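Each chain gets a letter, A, B and C, in the order it is written, and its residues are counted from 1.
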Amino acid sequence: MSADLVDDDFIDDDDIPGPSTRGKKGGASGSKSGKGKDAGRHAWEGEFKKSWDIVQEDEKGSLESAVESLLARGRRKRALMADTPLRRSIIRHMFIILDLSESMMDKDFRPTRFEVILGYLRSYVVEWFDQNPLGQIGIIIMRDRLSEVLVPMGGNPQEILSVLSDKRRLEPSGEPSLQNGLVMAKGGMSHLPTTSSLETLIIFSSISTADPDGPVTIHNVLEELVTNKIRTTILSLAGEIKICRQITERTGGKFGVSLDQDHFKDLMWETIPPPATTIQSHTPITMGVKNALSSANGLQKGGKTPVGDLMVMGFPIQLPLGGETLCSCHGLLKKGGYLCPRCSSKLCDVPTDCEVCGLMVVSSPHLARSFWFLFPVANYGVLPIEDVMNSSTSETCFGCDVEFPDASTIDEGVAQVEDGVSPTGRYRCAKCSNDFCADCDLYIHDTLHTCPGCAQ
Amino acid sequence: MVQPSFSHPRSDPSSSSTSTSPTAALDTFLDNQHQSYFEELYKSEAVCLCILRSLPPVCRHIILHNLWSHQPLRTIDIKSLLQMDIQVSLQDVDEVMRPAINRKILHPLLNKKSKMIYPSNDAFKKGLRNALTGLGTSNSFGVPFDREDDADIPDQQALETYGEDAFEGILKYMVSSGLGVGFPVARPQMEVLELLLISGLMVDPSDPSGQNPNLNRMTITSKGFQFLLEDRQTQLWEILMYYLTAKEANSERSAVVLSMFFSLGCMQLGQDYSASRSFPGALSALNDLAQYGFIYRPAPESDQFFPTHLATALCSGDAAATRGQDADEKRFLILETNYKIYAYTSNELEIAILNLFVDIRIRYPNLVVGKLDRKNVKSAMEKGISANQIISYLSSHAHPQMYNSPPPLLHPTIVDQLHLWDRERNRLKTEDTVMLEFFSKELFEDTEKEAKANAALQLSIPNQKFLFIEPQTKAAITEFVKERQTQLRSGF
Amino acid sequence: MAPPPPPVTDYKSYPKTTPPSVLLVILDIHPLSWSLLSSPPPAIPYPEHPAIDKAQATPMTLPDFVTLLMVFLNAHLASRWGNEVVIYGASAGRAKLLYPPPPNAVAGPSKPRPNTYHPFQLLDSRIEEGLKEMAAEEQDRLEHGDMKTLNQPPAMVSALTKALCFINRILPNNSNSAALVDPAATQDPSAPASNAPDKPETRILVINSTPGANVSTATSSNEQSNAEVNENGTSTNGNSQNGKGGQMRGGYVGLMNCVFAAQKAKVPIDVLSLPPPSIDASPPIFLQQAAHLTEGIYWQWNGRGGLLQYLHALYLPPPSLRHHPFAVPPQDAVGFRAVCFCHHKTLDIGFVCSVCLSIFCEPRPVCLMCKTRFPIKSIPTLKTLATYIEHIPIPDTVPPPPIPKGAKTHQQNENNKRERAKGATNGDASGTGGRGEPIEID
């Protein structure tokens, strides 16, 4: 295998390096063509090339950044398109239950279901957190008839991504146990108030489930899910399974069977926006506020729920990992934790509703993660060569203080503004009139979201 | 077909080159020095700075952590700093601080309550503090030369070329003596040749006794070949250490000279310094260094000197220094799985070195094409070059394009083949032995049994009644034979 | 949030080498803050530690501190070949790169000093020059009667963004943006990455001298947000925001954006807050949050000397050695408070728009950011709710020192006692003492 690759590289010395360029070009065109193709396309038509690219992405570390950059570009486009602020859900808790049975090694998705799903999952997590800044995701895997919490419930996408990139920990084997997976998810969410939105997303690749023999059956578990209001969505890679459909219908989730890779992705992405019910009718998510409202005054009951509302939120104090104190949510001795800003009771984790005073307690950085949508950085304009020659401009980039190319050396005839690329290498902020280099322009708009000049 | 696997040596061709640090020669030298030697060294701030950098990171940061405190470091401090269990034995703590203790920076001792404390060497502490604050008085970072402002001084590029030419001249001389292929080389000066002889890098083959060697007819030794394949910084330190050892052998004080090396390492490329004021105690040594290209003097007797990049990169602590500008020049090799080598270089020295183990087929002005083959590699191995050295040379000079293919950098086929060729040479193993010849069958069998029981038997040939035994057991076995013989005789 | 340190006792697992480290220092040189620091009020008594209590409050002037800082930066340069330093000065309302010097600047001092390592000399003299330049500019501003700008808070956010841009530039393969502009660019960095483990690691050290309360109230929303709000301002409150226009510098949102960018690039933001509790009891909470979120080290000076030792002990180890094998100093409680978009107050409890998640300090009928109309009926309820909101003070919890693993508690107590009796001389990082012990330098 590796011998082939090496040979490959050395044969065509001129256009090196084979895999990486191919991967990137293919990736770019692939994602574009994926969108552009007509809906009637069948699974067996023209999929091969794109799947091959996914292999390359996964095997070469350097490609990941390229792929990610494409994603980032897509996200940026979306952000640029949305003139009006996007609607964001408030608090969601989701366990992704991943089937890692041997069936994941099936090759109907290229190269394997496993590789494809893992790739999707990574971008899914990023996208999900972009749209649900206050949400939390945990990951449970099912294999060898056991279930295991891979990532406990948490709000840090980086942490999840780093775990997902470690493929050795995720080797598929054995059979899945749907029941064990669901029990694990239920246990993992038991500390959360039922008023926040609890969800599980099951990616099921097998066509059977090997559940433990005993008095408790999957039907009992289903009952508990219903009582605990855990919405369960199941996406099957293989086919429709009765129990799966039953679970989703009873818990108010969705059931989907993928036709092909793209369809599967669409199904997955459909679960990113907050569930419809949380927006329209009596929303479990705003219950924290509702509770607070009703405790103060019995207003608002039964009235038409408005689209938007103001919510009272408290920003807690995180305690250092010193001694152990009792928490108010479980009554257990624990290290660390958060103090409710209103009643000073200790909570294990945020975001949550305070057990004592009912205040919705969230971590302000979680909120702040979405603020860049609200304060977009002004676009930087290309600086034509005359302006550089005429006005006394700074010699260095205002961001990274790199030296600009000497304007006098640029040939005026050649220097045309093309494709938004500045011939002078300078991009000027419309607001603060500082000049930036191309690298900083992209970094500021893609990642930093704050203009160094405007921040002064 | 079962492939022999050499995966363990192969997996770390690169790490093997990094694990043996370029300053290995210096480290061994320092490890053998006494307290008083270090006391003298630490008078120079430059030495303190360089020694600090040579420590492993954890140890280094503990020293810095404690630098401004007037209390000695205690075991408990180290333990809590390193999150160690309180029960961890003193030896383990010692082990962490071992490099500093070896360099006599810390002197572990038991205090009254039989707790271990690590007071630091006052000279070192003072030196390092002065190095950081710039309050020293030893002029160890070099006194600049007072020159007229309009004086013509060589630029950095010129200095680098000068240093490179001087040092490569010596290397070329060594190579050409071994290859017999003619490319014009200037013979280095006598002092240099003497050092090459003393260090054992070259030897006069016509003078096996070594009493009266002819310096003009020396050839390179296997040690010399190995030296050639090292990276530049290792070579520099090795040469310097040979020089220092030679000085010591002449019972001269070497601490001043060593301290000068460190000072040179902290100097600035392109700046001129005054020799007499910077190194009043080591002027002759400085003159010697000029012959290796470490410094450049505009005029032979002038007080003004410029350190070249060879000198200023000495203390950079890792290979990154020598990387710098020559990094790209150094990466010129493309090795294919069919053993073909393309070397994009026009450097005579590199080509000569390649010629040691590569069958060079084509030479263009900037490209050499050759092939790794058994004959050439084995002849290189005859000269004392090991497979690992070839591998590390190949990987450290690999062209950036080689990195674009998936790792490992060098294809396993080639690495394994090189190891196989290396093993081939060692198919016959020679061992010393003692042969016993018997005339009596009983005696032979008894002795064989006895030898076997004592693991002394190497080989026995019953037909001819020959026994081969370990030499060191000869006395015991002959004793036994004699005893047995008398027994057997008396039995008759 | 910091992961619990792995139980390590095996010295063999200690790293043999560390990557070269780039230290970006952001020095707050706000003149008003430094004038406060140079004549501090008497230190708050600290009866628990008599040895500390004895130590007097040390006045700290900018030149004194810069001298200490230079020694610290020299130590950083000294600790590994290839280490680099970048310094930004943040003054009232503006930030500037002090070192490395701009490329066209006159090259340093003409002659190396015989007793100073040349890189140290370059760094030190350039910092001095840069600070003098900045001071001259401040003087200039002052003379031109632009008194208002002097009251602006230090431009921390601007300095942070600059530092992050700098990091983005020196680590091209770390960024998505580089790949975006030129897909081929990613191939190149991959080559050195595989052969050279020497990708530099970076960290940012923010040295804050502005009292915490000021930082928190003054850090506020983007200027831009203000403009936008006013432009489209349908609300009657639009005018009230204008009054605070002078304070609109840097900003909470900007700082948070920096934090997330740093998180993404895995750059820890260390914070050293100079104003001792005697000047201002409340810490600069947003800088503290920044340190906490990026797993940096936050520490507040107690105003009683020992800064040089603290700098070396707390901030010198590079990120690759922190957590393992070195212990990180225990961190205080972190208040996750936020700033409202309408009046730029620091809030414990706020009103959040459910659509765009903007934060307000009082109930309002229309969201300022997304123009969502809130149900009019809930306003009075919310108003009554607002009256129930009471702030609680941040407990000045000092975490007890980590008990060495396996130690018997009474042993630990003994240690502590001895420590106090002797007058501890080691830094906080050793973990055996509480914070704020004075250190004398001999």
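Convention: a residue touches a chain if its C-beta (ideal position, glycine included) is under 8 Å from a C-beta of that chain, and two chains touch if they have at least 3 such contacts.
A quick note: this is a predicted structure, and the numbers were derived from the prediction, not measured.
Trainee: What chain lies farthest away from subunit A once each centre is taken as the mean of the Cα atoms?
Mentor: Measuring from the centre of subunit A, the most distant chain centre belongs to B.
Trainee: Among all chains, which one's averaged Cα position is nearest the averaged Cα position of every protein chain shown?
Mentor: Central by C-alpha mean position: chain C.
Trainee: Starting from the mean Cα coordinates of subunit A and subunit C, work out the distance between those two points in Å.
Mentor: Distance between chain centres, rounded to whole Å: 29 Å.
Trainee: Distance-wise, how many Å sit between the C-alpha centres of subunit B and subunit C, to the nearest whole number?
Mentor: 45
Trainee: On a C-alpha centroid basis, what's the spacing between subunit A and subunit B, in Å?
Mentor: 52
Trainee: Considering subunit C alone, which of its residues make contact with at least two other chains?
Mentor: Where subunit C meets two or more other chains at a single residue, that happens at 187, 190.
Trainee: Which subunit A residues reach two or more other chains?
Mentor: If we look for residues of subunit A contacting two or more partner chains, we find 17, 20, 60.
Trainee: Using the touch rule from the top of the page, what residues of subunit B touch 2 or more other chains?
Mentor: 404
Trainee: Quick check: in the complex, which residue numbers of subunit A touch subunit C?
Mentor: Spelled out, the residues of subunit A in touch with subunit C are 17, 20-21, 24-25, 28, 60-63, 65-66, 68-69, 72-73, 84-88, 90, 133-134, 158, 286, 289, 292-293, 296-297, 299-300, 303, 306-323, 338-339, 341-342, 344, 359, 363-365, 367-375, 378, 395-403, 431, 437-440, 442-456.
Trainee: Name, in rising order, each residue of subunit B that touches subunit C in their complex.
Mentor: 14, 18-19, 45-46, 49, 52-53, 56-58, 60-61, 64-65, 67-71, 76-77, 79-88, 92, 95-96, 128, 130-144, 266-268, 271, 277-278, 315-318, 320-321, 398, 400, 403-404, 407, 409
Trainee: Help me check something: in the complex, which residues belonging to subunit C touch subunit B?
Mentor: Residue positions touching the partner: 5, 7-9, 11, 14-18, 20, 71, 74-75, 78-82, 111-118, 120-121, 124, 187, 190-192, 194-195, 198, 308-309, 312-313, 316-318, 321, 324-327, 402, 404-407, 411, 415, 425-427, 429-432, 439-442.
Trainee: Can you name the residues of subunit C that touch subunit A in the complex?
Mentor: For subunit C paired with subunit A, touching residues are 1-2, 4, 93-95, 97, 102-104, 155, 157-158, 161-162, 164-166, 168-169, 172-173, 175-181, 183-184, 186-187, 189-190, 193, 221-225, 249-254, 256-261, 263-264, 289, 292-293, 330-338, 347-360, 363-364, 367, 369-370, 372-375, 377-378, 380-382, 384-385, 388-392, 394-395, 397, 399-400.
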